[in-house]
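Okay, so chain A shows up in both of these, paired with chain B first and chain C after.
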Partner chain A sequence: MSGPSFATALELGAGAVLVCAVLTMWRRSLAAIVRLLALQGVALAAVALVLGLHARDGVLVGVGAVVVVEKGVALPAVLLRVVARDTSSRETAPLVNVPASLVATGALTLLAFAVAGPVVALVPTVAGRLVPLGLATALIGIFAMAVRRRAVSQIVGLLLLDNGIALVAFLATGGFPLVVELGASLDVLLLVVVARVLGTRLHERFGVLDLDELRELHD
Partner chain B sequence: MNGSVLGLELVPGAAAAAAGALFPGRHRVHLAAGLTVVTCAVAAVAAGAVLRSGHGLVVRASGILPLTGARLDLVPVSAVFVATTAVVAIAACIYWPGYAHHGLSSRTASGVLPIFVTSMLVVAEAGDAVTFLVAWELMAVSSLVLVLADQAGREETRSAAQWYAVMTSAGAAAVVLAVVLVCAHAGALSFATVAARAGGADRLPGGTRDVVLVLALVGFGSKAGMVPLHVWLPKAHPEAPSPVSALMSGAMVNLGIYGIVLVADRLLGGAPSWWWAAVMALGAASALFGAVQASVTSDLKRLLAYSTTDNMGLVLLALGLSGLLATGHETDLAVLALVTALLLVVNHAAFKGCLFLAAGSIQVATGTRELDRLGGLVRRMPATTAVFVVAALAVAAVPPFNGFVGEWLLFESLLRAIESSGVVVAVVAVVAVAALALTGGVSVMAFVKAVGIGALGRPRSAGAAAAREVPRAMVVGAGLLAAACVVLGIAPMLVLPSLERAAASVLGGARPAVLHGGIDVALAGLDGVLAPAWIAVGLALAAAVVVAARDRIGSRRPPRRVAAAWSCGRELQTARMQYTATSFAEPLERVFDDVLRPDRDVTVSHSEESRYFVEKVAYRSTVGDVVETALYRPAVDAVRWWGRQARRLQNGSVHRYLAYALVALLALFVVLA
Partner chain C sequence: MSALVRLGAAACVAVVQVLLVAGGGLLLLGVMRKTRSRCEGRVGPPVRQPLLDVVKLVSKQRIRPAAASPVFVAGPVVVAATAVLVTAVAPLVTSDPPLARSTDFFAVVLVLLLGSVSLALAALDTATPFGGMGASRATTIGALTEPALLAVVLALSVPARTSNLPALVREGIVDPRVVASPGRILALCAFLVVIVAETGRLPVDNPQTHLELTMIHEAMVLEYSGPDLALVTVGESARLALLLGIFVNLAVPWGVAPGRGAAELAVGSAVLVAKVAIAGIAIATFEVFTAKLRLFRLPEVLAGAFVLALLGVASTLVTR
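For the complex of A and B:
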């Protein structure tokens, strides 16, 4: 893959990652949010594949394949099963309402572009210019965790954060070594499984998957 | 003898810890105690050899500690502390199996006590910074575990352990900083190398040196129970199981003194005179404060703990005097003062170790350590009481026991210093003599109270009345140290030449010729002679005369008649009518009212029918620690307040915590960009 088409493909993939993140803040249906997350995983994998094909780097292509399987298929499948068990599978009352969340998302994206200057200056390539997109995705992930009430939304926020970091890593450094990526994937997978078990227990105990029920834990 | 014997002593120590932790049943105590005695015996033999020859022992083991390896370097001055620790630990370990029926027999306790003893030995033997600091920390942690070993459920014990943990951690932080600063400047970890460079051109710059000295005084002073850092001592020593109290008070506090000698004299090669004057002043304050507090408390072990502060104050006084004289190039006198300090350390280990062990026996036999509930023990526990009385006489500096020799040397060195040195030393020494005299008197009173109320009279509680003599192991353990008090008191020249070699080696190759004499202690070039053996003979003769005279007079007296008497109102005399520890101390409490700030409370309740009839009068008097209330309470309260404010940030909401993370991250980005 060469020149202009490489740049376009890369911009498209990275842009799709950020757009998916923004859209998760817009949708309320948990199933839709998880499907957006799956889409984001595929977009992230596409970025890795494009970079790998451009650099003729077999390892990076392999990483792309791992990302597709993990973030595009496996994690969303686990989460969808949790959502399916939950009767009221909507994010009914987030701490910050949807329009305000979208405004905040915009602000976080602006901030990401404003503060990513040093990193962009460090990597003077097409990929380097796109680093702020990954940073914005990561910030949106933390924001999602801070304002969403449902356990599934929290996990989704965490995965957004993870995807954002992965995107920054792909763009700024040309990707992790395969071993590191595999290790990180395994960690995230394990975390989601633990969260799923916890969510199930929470559901059995309180009837809902609402984290605010855990307020009683303090002291 | 070569250095590997030092490494060898660690083997039975480790085996003792393992045996104590793993062996089933009560035998683990016997096994752990026995192996610890072996460790101590090896250490004592090595220390004895070093003290005789004046040549150090060195051993390096690269595998024990990561990166730097461990290095043990037994020089004469550390040998004094090793030998002292070893003897106290041997006595405590003989005592321990007897005590194990009542406590200190769990796996934790049996496993940790050998670690505590071994780490104390290693602290004194350590030849490089890393070994020293690791052993120091191990000593602190293991002693903390042992304080909690038996009574972790009791509120007082937990509070004492908390105080101890905070003070010892803060002290350890200061010690680490001080040692690291010195070693970093010298560019070496080995103490021998650092000491060799201290005298050269690249000695520590003045500012850094002052920081190191202040840190060392804080860190080691808090371990030695120096006022105002002593507050953990009267809490932790009484609450710890008695063998542990004996080890802490007889051996561990000494290592605070060792640390000061190590940093100031060995590693820095001397300190400025203001610092030594501060050491003296704090020593005098500790001695006075400890003596006064000891004389008004009615808890036997608390009394002993305050007496430890008192005695360590005297050691600091002698140490400071030695340093002050050394900076004024009065080397002979400086050696004399340092010998005094070392002798005071040795003496204190013997009598205080013994007193804590005997107090443990009393506590075991009567179920209380409150003097107001004791009494009449001399008939019920004659052996333990005899041991206790010997050690108490030694603390009170009564001849012919060891405390007297130490105090005589201290007075001698102070008075010589007045005669022969500059104005500053003379003024300081005069004040110190006055403080010392007052301290001596007050501490005599404390121990008259301990013996008079505790051992004599009639039992003041059912527990004291039912007391039985403790198992032989406990008597022998405490008796060993009592015997040391007698031997050191009658023949101090057994140890003084060794102490003098150690002192001279610290103060830079001064000729060790201050003390000489066979049975007598004579000061070379100064016309002071003490003949403790003759004093003992004289006292024995005097006692024999008194006894004989009493018998003669008694035999001439007409036979006793029994008759009804007026009874002087003593028809009904109960044990409650005796003097108590509180009433004995009351006059002194009044004299030192401003210092002690006692909390007295008299409640008179009247009869229902008429206010003219008093039903009962309740009197309550408690003496706290004025340093604690004035200095530490405000600090503790401030920390509590701060904690309460900080809790507002934390309300249990996961979202709020995540928001904190987000805000922190954004702030970080903004700052970095």
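For the complex of A and C:
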């Protein structure tokens, strides 16, 4: 892949990852949020593939394939099953309302650009300039975990954080070794399965998936 | 002598653009209504119906409320005049419109805002409850769309290092990679949301409703009749066509005439009509599948547009 088209493809992929993260804060429907997460997984895989093809790095292409299966298909499928079980599957009352959290998202993005300066200076390539996008995605993930109340949207926040870290790793260092990537992927998969079990139990007990119901201890 | 020829060519471009947008805007309304009807399984009114309506309204008697002040009289005139002024100098048919060097995007936003404000003031003028309600809602939406629109202009003009509208269109023709850059795509997505909000389409406002609890734009123009109402209709439809025209020329700049020759203008007009018609049909099809949003949910949508535009500004920082 040649210079300018490589840069454009990389910019579009990394931009799509961040835009998906922002849109998860915009939508209220949990199903839509999970679908955005799937889209983000595909965009992340596209970034890995573009980097891999550019550097002629077979391992990175392999990682891209793993990412598209795991983050683009498997995790969203598990989460969608949890959402389908919940009848009122909407983020009805987040702790911070939607317009305010969107403005906070914009502020976090600008913060990421401000603090990522030294990292960008370390990696003087096209990919290096895009590192703030990954950092912003990770910050938005933390924010989502802090202000969202539904179990599914908190898990989505965690996955946003994971995707952001993965994007930074791809862009700054050309990706993790395959073993580390596989380990991290399994970790996250395990986490989502645990969350699914928790969600199911929560739903059986309270009829909703609101984690704030777990304030008190019961025998 | 050559100065006189140039002036004539510029005037010709302005006249072509104004006629195209004023007449085409009404036909665009017709096309959008027809699309909607067809999608819902109805035959719908003919495409030229809005044009016929305006002709009918012009021939009717003008009735104004007894308490109306000059503000009420000025409302429709200012709406139509600002739309015509911007149309004459915007890069619609050609990327070299009259006064091309001074067609600044910020100025375009400001002049169009003048039209919205005058209509809101005119609605307040007669002190009817509906007028006040409509004006209050329209101003609320306007106050939310303006920051988003200004962020859009900023995101488009930072990488180009100019906020000159014809230059922004030309830049896309010269270098296609500019059109595919993330900053431009984000800014144009936000621009589309702003256009939908500014021109009162679904899901922000339902242009077909006359239900007092939900209408926004209709509530403002309830007191107008005859030629005044015709002027409002023409002005508002011209605004929609103008904004969509600017949008499609920024998103898909190919086919915009580079100069002011007669053949170039003909090709440019045909391409513009085709692009705007496609955009109009797409919006109308989208409207079939959406319901009007609650008024208090609108800040979410418009804050989303603002953040998209802001991301567009931020992405110009990395992709320089």
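Just so it is clear, the second predicted complex is superposed on the first by the 216 of 219 C-alpha atoms of A that agree within 3 Å, B and C clash if a C-alpha of one lies under 4 Å from a C-alpha of the other, contacts with A are read in each partner's own complex, and residues count from 1 in each chain.
The definition used in the following text is that contacts are C-beta pairs under 8 Å (C-beta built on N, C-alpha and C of every residue); 3 or more make two chains touch, one makes a residue touch a chain.
Every value quoted in this text rests on a predicted model; they were computed, and no experiment measured them.
**Q** Once both complexes are superposed via chain A, do chain B and chain C end up clashing or fitting?
**A** Once chain A is superposed (C-alpha atoms), there is room for both chain B and chain C without a clash.
**Q** Pick one for A:115: touches chain B only (first), chain C only (second), both, or neither.
**A** first
**Q** Quick one: is A:170 in contact with chain B, with chain C, with both, or with neither? Answer first, second, both or neither.
**A** After superposition on chain A, A:170 lies in contact with neither partner.
**Q** Given the touch rule stated above, what does A:103 touch, chain B (first), chain C (second), both, or neither?
**A** second
**Q** What does the superposition give for the shortest Cα distance from chain B to chain C, in Å?
**A** 18
**Q** Can you list the residues of chain A that touch chain B in one structure and chain C in the other?
**A** Touching chain B and chain C on chain A: no residues.
**Q** Under the touch definition given earlier, write down the residues of chain B that touch chain A in their complex.
**A** 650-655, 658-659, 661-662, 665-666, 669-670, 672-673
**Q** What part of chain A is in contact with chain B in the complex they form?
**A** Residues 95, 111, 114-118, 139, 142-143, 145-147, 149, 154, 211-212, 214-219 of chain A touch chain B in their complex.
**Q** Contact residues on chain C for chain A in the complex?
**A** 177, 180-182, 185-186, 299-300, 303-304, 306-308, 310-311, 314-315, 317-319
**Q** Which chain A residues qualify as touching chain C in the complex?
**A** Touching chain C: residues 4, 7-8, 11-12, 15, 18-19, 22-23, 26, 98-99, 102-103, 105-106, 109-110, 113, 129-130, 132-133 of chain A.
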